[in-house]
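Here is the structure we will look at.
A, B, C, D and E label the chains in the order they appear, each numbered from 1.
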Amino acid sequence: MATSPTTVVDQLLAGLHLPDGFDAVAGVIRESLAHVTNSAIWTRYGQQSLEWLIGMNPVDRLFMLSALTLLLMLLLGRLRSAGVLAVLLYGAQFAALLSTDTLFGAPVAAEVRITVADQSLHWSYDALSWFFAMITIGAAFVTAWYAAGSWMRRYREAGQSARAFHVALALNCFGMLLLVGSADLLSLFLGWELVSWASFLLMALVGGPGAQAALKYLAYAISGAMLLLGGIALIYSIGGSFEYGAVVAAIRGMTDVQVWTLLLLLGGGFAVKLGLLPFHLWQAAAYAEAPGAGSVFLGAISARMGLFGIIVFIVGMIGVSRLMTLEIPYTFMSSRELIAWIAALTIIVPTYTALQQHDARYLLAWHGIGQGGYMLLGLMVGDAVGSAGGLLHCFNYAITQAALLMAVFAVVHRTGTADLNQLGGLVTRMPLTFLVLLFGIISLAGLPPMAGFVSKWMVYRSLITEGMPLLFVAAVVGTLGTILSVYKLIHNIFLGQLRVEHQGVAEAPLSMLIPMLGLSALIFLAGFIPGPALSWVAQVQGQLGLPVVPWVLGGIVDPRGGLDMIWLVGILMAGFGVGALVFYGFGGRSRRVHQLDNYAGGHFLTADVHYQYSDNFYAGLMHLIGPWYRGAFRWLERSLAATLDLVSFGAEGLYRVAQPTLLMLAAAVAMLAWVF
Amino acid sequence: MDWLSAMRLDALAAVDFHWLGLVLELMLMPLIAFVAGLGLVLMLRKIAARLQRRVGPPLLQPLWDIIKLHAKETQTSHGLIHEIGIVMAIGGYVAAVTLLPVPGMNGLAQQGGLIALLYMTMIPSLGLALGVGQCANPNGSIGISRALTAMLAYDVPMVIVIFGVAFHFGSLNLVHMIAAQQAGGVATWGMVQMPLLALAGLFALQGMLGKQPFEIYVAPAEIATGPMVEMGGKFLGGLFVMQCFQLYTGGALYVTLFLGGGEHWLTFLFKVFVVTAIPMTIAMVFPRYRTEDMVRLFWKWPTMIGLLGIAFVMN
Amino acid sequence: MTLELPVDLLFGLNLDLNLDLTKVMTANAIVLPVVLPLLAAFLMQPLAQVSRTLARLLGPLVLALGAWIILNAWLDVGPAPFSVAIGGFAAPLGIVFYADQLALLFALAVQVFTLLFWPGLGAAAKADAAADRQRAPRRDALALLLASAATGLALSGDLFNIFIFYELAAVASFGLVCADGSGRARIATLRYLFVSAFGSVLALVGIAILYLQTGTLNLAQLAQVAPETLQGPIGLAAFALLLIGFGVKAELFPLNAWVPEVYATAPARVSALLAGLVSKLAILVIVRLLILVFQQPEASQLLLVLGVLGVLTGEFSAWRAQDFPRLLAFSSIGQLGLVAIAFSIDGTTGILAGTAVALHHLIIKSALFGLANRWSGGLDALTGAAKGAPRAAGLFVLFALSLVGVPPLWGFWIKLLIMVGLVQGGSPLDLLALGAILLATAVEAHYLFRVALRLYQPPVQDQASRLAPPARWDTGVAYLLGACLVVISVAITPATEALRVLAQQTGDVLLYIDTVFPQPLAYKE
Amino acid sequence: MIPLTLETVSYAGAVGLVVIGGLGLVICNHLFRMLLALVMAESGANLLLVLTGFRGGAIAPIIGYGPAGAPMVDPLPQVLVLTAIVIGVGVQALAVAVLVRVYRTYGILDMRELRRRMEGEIAVAAGIAAPGSAQVPLGQRPLPPVPDYELVRRSAPVRERGA
Amino acid sequence: MPMRNIASLVLTAGMAFLLLVIGADLALGYPDMRVGAEYLRIAGPELGAANIVTAILAGYRGFDTLGELSILFAAATAASLVLGHRRADARRDPPGGLVLSAGADLLFPLLLVVGIFIVVHGHLTPGGGFQGGVILAAAFFVALLANPARTLNHALLGWIEGLAGAAFILIGLWALVEDGHFLTPLLPLGTMGELVSAGTLPLLSVAIGLKVGAELAGLLAHLADTEAPDR
């Protein structure tokens, strides 16, 4: 086959399965490319390398591009234009991912493989990999774009290394691609560790409180990794192989005790990353204190690697049905209910912790932990709609959180603070950022018409049909808490009184606005037309052997009550139209007054009077539930650390003996006695 | 596989919509709701007046109030969001009522269902909150904080009720529920089948409609520290409109869930008025709770009753 | 060139061996790396009175020569092991050197690492050159003795000869530890000396029991007769006593109370040699005994238990360490526990894993002690050290990552090997060891990266001045070793294969016996 | 039961020496006493070693020393013990040298006190908090030798308790 | 403190008990002379030394002996490194009394002669390089004790020490070159029982004697320099 950029473009477009209307666009691209291909340099060098690129295994090509990104960032990361280059490269990675066509097509195995000491590592992409890789690269793409311009300039001025940031991001992306493509336990662990450490790098870049948080993260992450390694060892001891095929067989042959052990080991490892209770304490600070754009990436996808592990092993290999048969001894709970309850508590506790936060970044980061609970809850319900909701929430939440964090960091970029008590009234100064944040919080709270509503609806729906009332209530209570806290977020930043020092604040720079607005549009679109995202999820479900969700373009068809977002959004818009008609159509024209022209009980307001309700926002609620914040988990963490300290003290004491020979004598006696 | 077929756009064409009827329904339903809502407001004020041994307002007073507010000369706006908040408040309820099936008009009840309806009713809260927030009056914000806390309170028994009902009928679809209830007369009504849930639902309705003893956040006596502090003119008028829809939505929802919906308009409206009259009557004999006491109350009794109800429903 | 070598010296047997003379010469020259440093050490002081420069250069030259000889022997002789009867007295009467790949590898490592960490090289030495005119030759002589002893430990095939080299290494290290003349180093030396000497007493008792039971000291012959004479508790008791004796240098758990004190007081390069090199050779001796003589599973278990305790106590103590050298010291204890665990695994896997983790630790811990030459203060003082020494800090992070076992670095593959080995063993004790390793790794990561993050914090005022000036040589060595680590990590597949061949050779008892005794022994068996 | 022969008694003696030496090493705090205990233990080990070559009724392994053809004892342990003794001497000499030097520096030979001072010195050198008690005199290095009356006073109560 | 003592006592008792239990199973008094018998059989003819112990010491296990010398050398070097050098102006102990100095004068030649005899006859009679070397060292040390003001020449001792050790190794290396094996006995064996016999064994013995003598003397001299102050 003769290869030229034109045919490549054709193939790419064919791979995209675009509607016919895009033909014209393709034609323009094709024509402009024809000029390039006619040049001499192209026929000499470009042609060959292109053919090589086309001939490659698509997964290899993806890996190669990702590694190339890493390499280029390592070499050129210091340049001013590195940001743009990174955006292009992530875009190329996205194209490479699409060209694998593993979502609708058959899984593709990579030709890259490593063999060490009889153990082989290899990779393969299937629908699940595609789904997570798509989110990853997408997150990296928008993050890179967000960071490319003004943000990076500021970052450099603060004395930070642009190269380190780019490298950390590229490494995160690369590691994640390796992780989601893993085809055996070793490559899984390799990817896992790579992402863990890359995340650590990203968190620790700035130092200060971020470094402390990163260290805490590290303690959790490495413990989780060791649990994971223990689980891998257990599987290996039974199956004698690291291959997934053998793993599945091994798990099938395991006794209940073994499965329990495996569940605790693997589940513990994944739970740490996902931030499930009681391993959630590291996440908020670590994600919030990372450098802005890095925080966006981390918040969007990094914690999901824990979910990926749970999907592959606990949902895919052990299976929800097996979980249901695993009873907790001496109780009537099954392991599935246990996990579901952990998920539910993970929704509630961090969400209400978020309610207490005074820092926008922390608030969002705490919500990130809570939203992970929805995903797991949906997967644990295990029916078609529930698992689809869990999976879909991964995507919806990723775009939501990315948009939210971007908006918050845009505010930080302009005002220099994320303290909710130091902001206010910015809507007049940064209206577009406000819009992005508004879209984001509606989606995060799971209200129509945004993306978050769809996935949460699916989770609720499955909880009802599967008859899990308490979990349902827990999930809704979590949502209500989310509504409360996101309102606090948007109110304290954008609404209320504009502070004197923020009078001159400008709208976020364009380089940051474009990805933000793009994501907002995506949030709305994914809520308006959830069909495409549902089609991906359905493919993933099919591949995992789960029941496949009955989806249509607007949502879900089900005789027992479906969801059609196109209609819902339509009537909501119509409702708004009616509202606007009622409001604007009748009566006198409203007159804009100055913000300070307010009811103040007769007091005269000036700009320097602080006339804003922000601190202790939900005073009444806190008065009631405040005593419930006992910090039991912090206490647990502290007592664990104290135990470690005590054990270490004891161990060190052994090396502080006054007479070292005493230990020798004891050892000799013990050994000789043991010998007999 | 082609994305077009993957997205099932082709399926769209196969659906047989009664376009004209639907559009008519969509236009009629909010209108009826508004009129019924006006009636409900009137009833509310009449009941209050009778209990306080007054005569009460004339028939068209609620409408005149709205018209008066809209017609006011001083319309103070604090910005676009302030206005959009009102639009969202009305719009959310308009959308909600189109999701409620009424006799002869199922509207879009097929497309949404119970949960969607519940979440639609949260949009006005959000809109109102945004609008008030834009006013930059801390008193308004305090009111919103109370209102949202109240929402947290009454939604817990509310979702328990919703779960129980949906589980009982095995569907989220409101049309199915009505059909199931009407199948066997009063004996199959939700209220008869699930008396505990109906009771809990009544509690929740009381909170949802913002009536005493759960009305501190909108109480006239607390106007200076409530959401309404910066609302005047057609802003307040818009909220009056919203209130009409709100009362109707609450009543109609309860009727749909527990009282077998409406066989025809007469019985339906009758049920709605009766149902709505209950909280109003109760309201007049109670003082009001502080917000945290309200939360405490809602998370105790109605929640327990609701859970008990679910326990009965699920066995 | 071949030549007829009439060997009728022994047993009245008339043997005509066709031997390649060059091969004999090359093979026999393997004693030179042991002997030449001794010669140089003996002559060091007289030479220093003649020419100070010559004396300074003598040590490195001899070590380089030794490395060249070993490399030459390795390349010439090829992969098969060979044995050298010293003095021409064939085993078991005489002492033999047994040179398989493992022994040659470690002998080479001894030469190279002693050269790299030679006390008289680099800026550190220049500073005290003037003050230590008298000391330098003596210190160099001791370092040469240490190198010679360590090489001997790697090569020797006779138990008592091993004991002697072990003692030589001990005495030389005592001298080196207190060479810089601080009072605290002397106290540490004394404590170290008492532990070591009492350990030697117990080892001697073990040797006596062993000799009484078997009547021989040659490892090959011991391997032959062990199955009949060393079964049961007596053999194990002898092993236990020997383990205690050799375990002192190998930093095995209850015998290593000296480690933190000595490493905190000794010069960093000496610590590097002791922690990196000497400990490995002591372990090597234990492993040889384990493979050849004490093949009972209980013996391995004993080593496993000590290893587990070492890993746990070492890493936990390191978690509390306040200063850099002691952090490294405790970490070293933990790592050597890991080595012990690895070697206690059955079969080739165990030897492969053990050798790999020993080499890994040799490279990393030596390099880290090299860095400690500069950072020998409290951990607080390291705050912001990366500003002044970005590359050194980067190296620290690299080493820390590999120590923790982050893929794709070498450390990960090693941990994996150990894990696979332990899982295949499958006994509860093995699984316990696995759990201990995982737990210790988590702790290890935490304290290592606590330090790493501290390096990258913004420096606190006037703390930077507390750091010693950069030591070019040590940092250079650390680079070199870091490069080694990276190269091995990249070429992990061939490296592991090479080690596997080595491990198979090491684990082959019959090969050992056949190499030492080309003919079956003709006398009373 | 074990018969009471020369070799068993010697064995018991050797074991006794090793064990008593070990006990001394553990119990004594005085460095010189520890050294003596070590010497004792080494003697025990040497005795045990030479005992391994012992054969009842055999003569020394020198040709022409006794009646021809008489059984000789195993010569190898004698070689080994000779070597072991010399090694022991070397170690002990070094120990004495270090010990003398420590005494010169610190004026005491009490193991515990010396260890405390060592810890203190390490801490001072590293700029970290000293472990253990705050009584460790920091910042003065090397410490002045303790006068004789100090030594007496310090060791007196120990003696009383021991009595 | 008492706890530690009690624990130590219990441990010690346990150790003793266990070692005695082991001893019950050992072949004490009738060892399995696997290698020993072989030495007795062939050491004489092969090496031509009447004293089989010395034959093994300097011949079969000559390498051990080299190691042993190295240990002694290491100890001496380390000790001198630790002890440092005496200041020239340091106060010295007064000389001993008449009895001591007269006795020392008397003993010095005697010890010297005995030492040399034992060294030289190492391959024939009980004794050898080590024993003789120690006696030689004692000879010098007696003199030193009698008159502390007299000093040994450290440099000279160093030379002797180094050259004697070097001689041992060089003999070995000579054998390596000549015969292909390090430390092979080279010279003709001669007649057993004569002074000049047993090949290079006596030479090695002399080297050992000199080295041990010089080392021990140096060590003792260093220890005697107790006034050496801190650096």
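Simple rule for what comes next: a contact is a pair of C-beta atoms (placed from the backbone, for glycine too) under 8 Å apart; a residue touches a chain by one contact, two chains touch by 3 or more.
These numbers were taken from a predicted model, which means no experiment stands behind them.
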item: Greatest separation from chain E - chain, by CA centre; value: B
item: Chain pair with the greatest number of C-beta contact pairs; value: A-B
item: Centroid comparison with chain D (C-alpha atoms), farthest chain; value: B
item: Where chain C and chain E are represented by their mean Cα positions, the distance between them in whole Å; value: 29
item: Whole-Å gap between the CA centroids of chain B and chain E; value: 106
item: Rounded Å distance between chain D and chain E, as computed from the means of their C-alpha atoms; value: 20
item: Chain centre separation (chain A, chain B; CA means) in Å; value: 35
item: Contacts with two or more other chains, residues of chain D listed in rising order; value: 18, 22, 25-26, 51-52, 74, 76-77, 83, 87, 90-91, 94, 98, 101, 105, 111, 115, 142
item: Residue list for chain B, restricted to those that touch at least two other chains; value: none
item: Shared-contact residues (touching 2 or more other chains) in chain E; value: 4, 8, 11-12, 15, 18-19, 22, 26, 28, 31, 33, 35-37, 39, 61, 64, 68, 71, 74-75, 78-79, 82
item: Interchain pairs in contact, sorted by label; value: A-B, A-C, A-D, A-E, C-D, C-E, D-E
item: Contact footprint of chain C on chain A as seen in their complex; value: 114-117, 119, 186, 189-190, 193-194, 197, 200, 204, 207, 211, 214-215, 218-219, 222-223, 226-227, 229-230, 232-234, 236-237, 644-645, 647-652, 654-657, 660-661, 663-664, 666-668, 671-672, 674-676
item: Residues on chain C engaged by chain E in the complex (per definition of touch); value: 9-11, 21, 24-25, 28-29, 31-32, 35, 38-39, 41-47, 49, 84-89, 92-95, 134-135, 138-139, 141-142, 145, 148-149, 152, 160-161, 164-165, 167-168, 171-172, 174-176, 178-179, 181, 186, 205, 209, 211-218, 221, 225, 229, 233-234, 237, 523-524
item: Chain E residues within the chain C interface of the complex; value: 18-19, 22, 25-28, 31-39, 42, 46, 59-64, 66-68, 70-71, 73-75, 77-82, 84-85, 155, 158-159, 161-163, 165-166, 169-170, 172-173, 175-176, 179-185, 231
item: Residues of chain C defined as touching chain A within the complex; value: 191, 194-195, 198-199, 202, 233, 236-237, 240-241, 243-244, 248, 253-260, 298, 302, 312-314, 316-317, 319-320, 330, 352, 401, 404, 406-408, 412-413, 415-417, 419-420, 422-424, 426, 434-435, 438-439, 441-443, 445-446, 449-450, 453, 456-458, 492-493, 496, 500
item: Of chain A, residues touching chain D in the complex; value: 656, 658-659, 661-662, 665
